[in-house]
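Okay, so chain A shows up in both of these, paired with chain B first and chain C after.
Our next item is the complex of A and B:
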């Protein structure tokens, strides 16, 4: 019988002890799995969110923070210059602001929205039209400003394609004396960056400027989005843009993610490392205690096996296999348990205001499973060391004598 | 003592146990030779050093003085793994409390040392069947120790001890946990084992078991006083 077989039979022979150990490892392993998911989840989710927008380079003004930058002056000229670079496929300008949206005659039911101005009539990835049409390329004079409204806002205000809608920009997030702008819903769409408790409206750059009561600001932009040409890659495109315009800041998506990783996500990583370490210590203590107790209960058996000629390495192998089975079965059970727990925790954390609905804290990656397995395997191995030492170094004659006397 | 080459020979064996209250000499200057095919009983009061001597002869303990030769090899010069190999292949142990593995069946308990010694599956199967027939337990092969009586457990333990065809069978109070009738059955079994050519050293308080041995050694206070 192999060491694995003997270990298995030992566990089956003591079902209560085995179940307790496996249950304990499963619960601890589930927590560890969740901590590992949390350590990179937000980062992976954020990267995916950026990538789905279809643009891999971002250009912003030099002034301000990476999130809140000052507007870029002369953005159309900048966009044209970037567009002419050989490594660039597409360029879009973007503005963002806050506004109140209301249906005519129902001003008291206005909803606060994030207003996006874009040079693109459809930004697949940033928003996807589910009803109606994309923003028109041009708007005839006197025609109402076209809008794409989010599905949630459409539902809230009871509007759809063709419905009239009024926008009043709120400068600085406060009340505004600006006149409301008459608009028309061109389409309804889902916005990737929309938070659960927020509403979003997109319009043309001219529409955005008009809503702000400053048609002359149509040439401003908060952000230039650039899609690098296939085969060139975002890093090369970003370098080319930076060389072209040293007065602006250029980031590839990877660089944006890296910046967030180094700043905003550090807390999650640190919390995750601390809690992961704690769970590993618990797993170590649980398995080490149970195996040590098991060895202490079987000292006579172990001494007899040694007297019968079983070498130390065989005794050690039996215990290591026992530990591996406890941790292996418990670790496997931890995955579905941890997965279910992650869904619940993710839902709780995503309840924080202002987070894009598609942003997740717990994201599954194959490497997480590998890391989880490796950490538990190492813990199981370390936990078995003391009981293995205890059993392998057992004084055979003294133990046999003690077992008889007792 | 016989004139044939000894399987195991102890010369001036001493075993001292260090204790907090002072060293205790469990065995003092004992010399002993066990020849091939011999049947030796060691008797004496509790604490006289019988089991200590048996453990030294079985290479599970090292003497603090003197030397022990097993089949001509000085065991003091052997590594722990060499001594394990001798125990596995050349010595069989029978314990008072049987020490069968409780999670294994009678068959598996007997098969286990053979597997450890590297016997092939077919050889193991044949040998295990042979041994369980030998000890009269063919009807109990799938039973675990908890499903066997004391006598049956000791018979399984004897079969296990004989699994790798040892030259020397050591038994420490093999009838100590058994009633008189069952003890006699075990003594009969030892007679058969001896008749089949295996040397036996049995430590016992049981005069019936001791009487069956060809040579009887009496011990007292760590020394052989008669035999």
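Our next item is the complex of A and C:
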């Protein structure tokens, strides 16, 4: 009988013990799997989110950051200068603020929204129209301001393409003395950066300025999005833009991700390292203790096998196989269990305010599975070392005599 | 009340300190220079000491550079929302900061502030006050400093996450414990059989097992709390070093210790009983048979 066969029979001989041990390894393995997913989940998800917007360079004012943005001085001139750069394909200006959106006559059901002003009539990736039309390139004088509303807001307020909607800019999230602006819903879309607990509305730059009660500020912006030309790459485009205006900050998507990774995501990375280490120690203790107790219970059996001519190597191989079976079966069961647990934990963490709906904390990558398997295999091997040593150094005659006497 | 940028009313924090402006001048202290307080982190990075002269500027080009005398070094109040950011800060007297940042094109800029802190006579009025300010003064953003109670507080979310991880750990531990107890019961199969043969009742054996479970579970729980207490310092020291902050990351409070004991002890007892049940339900002959 092979070492694997003997290990299998040993486990099957004590089904309750084997099931509990495998169950323990599965639960701990699931937690380990989730912590490995967490260690890079935000990073992968955030990078994916940025890349889907279709722009790979972001330009913001020096005082702000890619998230908390300050107004950019001379934004239209900057955008024109960027457009003329050889490595640039597309440029869009963006401006963001807060507003209350309400249907006329139903002011008491107003919803707080993130208002986006854009120079682009459509921004596939940032928002995708699911109903109606994109923002018109020009709006005739006297016509209501066109809006793209998010699907959630459309559902909340019961509006669709062609519906009238009123916007009142709010600066503190509450009531404002600014007059409301009459608008018309041009389209309904899904916004990639919309948070679960927020609603989003996009309009033209002129519409944004009108909502602010300052039509003369149509040229203001707090973010310039740039798509680099194929073959040039975002890093080269970012360097060229930075050379144009030293008073602005230019980030490629990779740099934004790097910055977030170094600061905002660091807590989750650290906690995943701490918890991964703890789960590994726990798995080690679990397997090592069970195997050691198992060997202690079978000392007579081991001595008898040795007396029959089984070499030490064979005994060691048997214990290693037993450990591998416990960890292997438990580790395999940990994957679906960890997947289900990740969904629950992700839902809990995504309860944080202001997170884009598409941002996830637990993201599956093939490398995570490989790492998970490697860590568990190493743990299983290390856990088997002590029981192997115990069995290998067993004095055969003394153990057999003790067994008979007892 | 704390407005959007956490500025204090008497002294403002500026993060406009740039590489060129860190240590800069180390000329002898001049008593008539305006004074500044610098954070410990800035003092360490810029090698500043009390009495040193430092130059601050609005940007890297050195615009509106002004010399200050370092009057003191302070430890920034730990802020869990910003612990990953290095606290490179300084506090200036408001008129000094306004003089530095005033724009010639905007005469009003010398009298501008970015934020005001307001202490209300009745803190319960904070929401109403913020709404009233927002409605009466367009362009002003007022918000209460108290944490939201609507479940959107990020720390409440983190607490839920940690609780979920703790529950999973407890489930794993329980499986571990059950496996151990089953093995331990198996080890004592013959002993229990002999005791039963001597006439000791099942009930008594169960009580013995229960008492043993209570002792082991209690000892395990206390040991766990002691390990947590020992690890507390290490974890805090590591993260405080990692993020250069005085923020406390782990605190083993009496409540948490009691919660752990209250959860671990019954689990240990139940695991012991379940493990022993596999022996007690068998007849005596099966127990003593080799």
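One rule holds for everything that comes next: the second predicted complex is superposed on the first by the 401 of 406 C-alpha atoms of A that agree within 3 Å, B and C clash if a C-alpha of one lies under 4 Å from a C-alpha of the other, contacts with A are read in each partner's own complex, and residues count from 1 in each chain.
Note that a residue touches a chain if its C-beta (ideal position, glycine included) is under 8 Å from a C-beta of that chain, and two chains touch if they have at least 3 such contacts.
The structure displayed is predicted, hence computed values, not measured ones.
Visitor: If we overlay the two complexes on their shared chain A, which of chain B and chain C does A:301 touch? Say first, second, both or neither.
Guide: first
Visitor: Determine, under the contact definition given at the top, whether A:282 touches first (chain B), second (chain C), both, or neither.
Guide: Second partner only, chain C.
Visitor: Per the contact definition in the header, classify A:348: touching chain B only (first), chain C only (second), both, or neither.
Guide: The second partner, chain C, only.
Visitor: Residues of chain A touched by chain B versus by chain C: which partner has the larger set?
Guide: Comparing chain B with chain C, the partner touching more chain A residues is C.
Visitor: Check whether A:270 is in contact with chain B, with chain C, with both or with neither, and answer first, second, both or neither.
Guide: A:270: touches chain C, not chain B.
Visitor: Quick check for you: in the superposed arrangement, does A:400 touch first (chain B), second (chain C), both or neither?
Guide: The first partner, chain B, only.
Visitor: Spell out the residues on chain A that touch chain B in their complex, using ranges where they run on.
Guide: Where chain A meets chain B, its residues are 1, 6, 9-10, 12-13, 300-301, 303-312, 314, 395-398, 400-401, 403-404.
Visitor: Where on chain B is chain A touching in the complex?
Guide: My answer: residues 51-52, 55, 58, 60-61, 80-81, 84-89, 91-93, 95-97, 99, 101-104, 108, 111-113, 115-117, 160-161, 164, 172-173.
Visitor: Which residues, counting only chain A, touch chain C once they are in their complex?
Guide: 14, 16-17, 20-21, 23-24, 27-28, 30-31, 62, 170-178, 197, 213, 247, 262-264, 266-267, 270, 274-275, 278, 282, 285-286, 289-290, 293-294, 297, 341, 344-345, 348-349, 351-353
Visitor: So in the complex, which bits of chain C are touching chain A?
Guide: Interface residues on chain C, with respect to chain A: 59, 83-85, 130-131, 133-143, 148, 151-154, 157-158, 160-161, 164-165, 168-169, 171-173, 175-176, 178-180, 182-184, 186-187, 235, 239, 242, 278.
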